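Each structure below appears as structure tokens.
The same chain A turns up in both complexes below, where it pairs with chain B and then with chain C.
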Partner chain A sequence: MDILIYGIINSATLALMAMGFTLVYGVSRLPNFAHGALYVLAGYISWLLLNELGVPYLLAGLIALALVAAVGGAMYQLILVRIRGMAISEIIASYAIGLAILEGLRWGGLKGGTFSLDPFVEGSVIILGVAVDWQRVVVVGLGVVLVGLLWVFVNQTRLGLALKGMAQDERAALTLGIDSDRMAVASMALGSLSAAVAALIILPLGSIVVEAGYHVLIMAVAVCIVGGLGSWTGALLAAFVIGFAQILTVAYLGAHYQVVVALMAIIVTLILRPSGIFGRQKELEERV
Partner chain B sequence: MAREREGMRKERLDRGIKVRSDGVYSISSWREMSFLLAPRLLLILGLLIMPLVLVPAPYWQKVLIIVCIYAFLALGFDFLAHFVGLVSLGGALYIGVGAYVTAFFNVYLGLPIWLCIPLATILGGGLCTLLLWPCLPLRGVYFAIVSLMFPLLSARLIEALDVFGGTDGIMGLDGFSNSWWEMYVLISFMLIALFALRRLVNADMGLIFRGVKDNDQAVKASGISITFYKAVGVFIASSLGCFGGACLAHIYMWAGISQFALDFSIIPIAATVVGGGGTLAGPVIGCLILVPISELLRDFGTLRIAVYALILMGFIVFKSEGLMSFGSRKYNQFEHWVEI
Partner chain C sequence: MFEAQGLMVFYENMLALNNVGLSCGDRQIVGVFGANSAGKSTLMYTLSGIMDDIAKKERMAGGERITIRGGISFQGKDMFGVKPAARARAGIILCPERRRIFPESTVLENLHIAGYLASRQQTEETLDYVFTIFPPLTKITRRLGGFLSGGEQQMLAIGRALMAQPKLLLLDEPLLGLSPAIQYWLAKSIKEIAAERQVAIIVAEQYARPIMPIIDYGYILENGSAVIEGDRDKLMNNPDVKSAYFGS
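Right, the complex of A and B next:
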């Protein structure tokens, strides 16, 4: 029962981490290697606002979300747009931005376990005989709500449908008057926003450390590859596969091996089914 | 820098001497020959003389060694990125694997140093290729992602499983017999690697590599295995890195998880972008510029990496051709303004 409950929690965490990455890649085919950095940045900004400026929790969170979304959009508008379409430069530049943010934060004093956000709700609850922190329940609950919201956004609103059109066929979308660059900015802002949301929900479980940036990037990428790059349902499903695989590894093999799970998942996927669980339509184009 | 002028455009023409020295006429006179040889000799002799010049400053001799080690990585990165089309974000993997393999042979099996380094180069290169093999049949960002993950994870794995000395690393490797050996082995092999790679990319095999990068379907249609050639490319690049890593381990007489550090991944990329991607000599020049800066910034800790990342971004956005292409254009051509 432990495995089931914690597996679900872990999977929801992973899904939250990966949502932003898969959104950006799905719409603009841009691997955002700064994803993890934006995640840590959101946590750090809200910590600063809370502890240095004394802003109330909810407001601090909202400001952090807005700022990180703005950073994401600006990143595209100022830098990435100039090198759009040059795959090598895109990867290097987004990775460089991420590194600059992360190592800049580390230099700026973000080290050790002193930085942490309070959980939204204290205490714990017993579900099916397993004691679970309220915060973890919140993670799962908000995760479900957010995925639902994202689904509604993509399928019901004009902007969402435009993004979806962009993802499906860029040229057709262009002929219908959808601006490719503006959509890419929107998707970067949204992707950064969801990285920030994930950070604010997940970070209260631990402390804010720079290493989390790399960890989140790796996990997000692993989920996306296993699910099929750019496929949202695939990413959700993959989050559950990897989430449960991790919990099972910890339970039966020992916590040491947890770090390998993501890598093994990627490698097995690349060997057996390179386009991921749900990435069938890209098979021809990406597999030579 | 001249600014854009209204109604004018810049015209570039090859210098006469460049045209004359292009073909077989280059041996017609000493002037043409020295035009061709000067830049190459400047680099070769400059590097060979450098250790002697730096005798009064032993610290900077060490820096020169580090420059060479980064230059190996940068050469490998440039070769992979601009000739095979694979972006490797994890140069630290090659350094780490090379260091651990040579430490294994030297400390655990007691082999001598002149056997360990070649073994580490070949076996380490093979091991890295094997690790990266699953993402080679695919196009796109997979290689970048997986190569980014390996150094981060292998450091954590060694720490968690407590193998190969765990967090302490493997100590007690044989050093080089004196520091002149260290410097001249590294410098000469670095120069050999540079000019060998420049040859390779213009040989038949180099054509296939470029084909893999630019139009893999055509290469496949010609009955050539893309995966195999990508693997060969990765093997070449990772062997270079492993050689650097093995030398590094013997110089410090220690192999540890800090050899999977992020510096080894980011500086070569920055050096390539600054020096000029696709020129092979550019990355070496980039290393000669960036690594000393890195040593000067050592007091600032991890801010160094942030500084590199910013330099990198600046160059990639505003000056993506790099110093080497810029320099060779100025050397080979002259420019003037003409009416449109």
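Right, the complex of A and C next:
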């Protein structure tokens, strides 16, 4: 029962971490390797607002979300737009930006375990005989809500549908008046926003450390590769596969093998099924 | 209403379009005929601005040097060098070669994506219209774009272009890969669309036979140049056109 409950929580956490990365890649074919940095940045900004400026919790969170979304959009507008379409350059540039943010934060004093956000709800609850912090329940609940909101956004709104068209065939989208640069800015802003949301929900469980940036990036990349790059359903499924695999290793092998699981999952996927669990696009192309 | 003069497009030093001029009046249907590689698609991409985007991408990736020269004006506004999305906003909508249907979206979603520039009311109204002129689409609204037949794809492609509320519709090879019966049916639909939606249409095609009867004015493209132009009767009576396109 421990394994089931903590597996679900761990999987929801992973899904939240990976959501922004999948979103940006799925829509703009832009591998945003600054994803982890934006995650930590969101946490640090809201910590600063809370503790240095005395802004109330909710407001601080909202400001942090807006700022990080703006940083994501600006990142595309100012830097990535110049190297658009060259995957390797995009990876290098976005990773460099991520490094600059993370190491800049470390240099600016983000060290040690003194930086932490309060959980939304204190205390814990017993579910099916297992004690769980309320915050972890919140993670799962908000995770479900967010995935639902994103689904509605992509399938029901004008901007979401335009993003979906752009993801499938850029040239066809252009002929319909959908601007590729504007869509890329929108998707980067949105992806950064979901990284920030994930940060604000997950970070209260631990403390804000620079290393979390690298950890989140690795997890996001692992989930996306296992699930099939750019596939939503794939990413969700992969989050559960890796999430449960991690909990099982912790239970039967030992906690220090946990990160190895994610990396092994990447390697095994690349050997057995390079396009991921849901490499749907390629299959469709072959059939038509 | 729409005018292009002296269009020149170079791929490196290869001349793809050589001094092509073309004009299209309100509600007119203009045909551009030519064999493969005559420059039809290059012309359509240049008119819709996609060529500028292709050139930009090549330049950024350090690929082929593509140069575009000439002038394009639409409803009195200079459109040369304007971004493709802005041209679409002005009402120039391309229905591209090989249709480019969104393969992972359903028929209905393809149409909804294309309603990006339309108001809610326009979307509803145009959706009704598309299903009226292309009744086969009503039965397959939930099928994925990638699983449609050629004819269905073409209907969807034209319907999708209509959703973007065109004032000038550019059709690039709409008859490609379709059976003769469907070709004639589609040509008839194109004529109806021009009259009922009050759009001007420029259609590029290598199968002149079904299209020739519906056009008001036409151009024959050869090796990137417009070698013959004239109204329908002049083209249909031209001996060179007759032998090349009507086999008699």
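Assume the second predicted complex is superposed on the first by the 281 of 288 C-alpha atoms of A that agree within 3 Å, B and C clash if a C-alpha of one lies under 4 Å from a C-alpha of the other, contacts with A are read in each partner's own complex, and residues count from 1 in each chain.
Everything that follows uses one rule, which is that contacts are C-beta pairs under 8 Å (C-beta built on N, C-alpha and C of every residue); 3 or more make two chains touch, one makes a residue touch a chain.
Because the structure is predicted, anything quoted here is derived from the model rather than measured.
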Between chain B (first) and chain C (second), which does A:178 come into contact with in this model arrangement: first, second, both, or neither?
-> second
May I ask you to decide whether A:168 touches chain B, chain C, both, or neither, giving the answer as first, second, both or neither?
-> second
Chain B versus chain C as contact partner of A:83, first or second or both or neither = both
With the two complexes superposed on chain A, say which partner A:158 touches: chain B (first), chain C (second), both, or neither.
-> second
Taking the superposition as given, does A:91 touch the first partner, chain B, the second, chain C, both, or neither?
-> first
Overlap of chain C and chain B interfaces on chain A (superposed complexes) = 82-83, 285, 287-288
Which chain A residues qualify as touching chain B in the complex?
-> 31, 33, 79, 82-83, 87-89, 91-93, 95-100, 103-104, 106-107, 214, 217-218, 221, 225, 229, 255-257, 259-260, 262-263, 266-267, 270-271, 274, 285-288
Can you list the chain B residues touching chain A in their complex?
-> 81-82, 85, 87, 89, 134-135, 137-142, 144-146, 148-150, 152-153, 156-157, 160-161, 216-217, 220, 226, 262, 266, 269-270, 273, 277, 300-306, 308-310, 312-313, 316-317, 320
Contacting residues of chain A [partner chain C, same complex] = 82-86, 155, 158, 161-162, 164-165, 168-169, 171-180, 182, 280-281, 284-285, 287-288
Inside the complex, what are the residues of chain C that reach chain A?
-> 48-50, 53, 57, 60-61, 83-86, 88-89, 93-96, 100-105, 109, 112-117, 144, 146-147, 160-161, 163-164
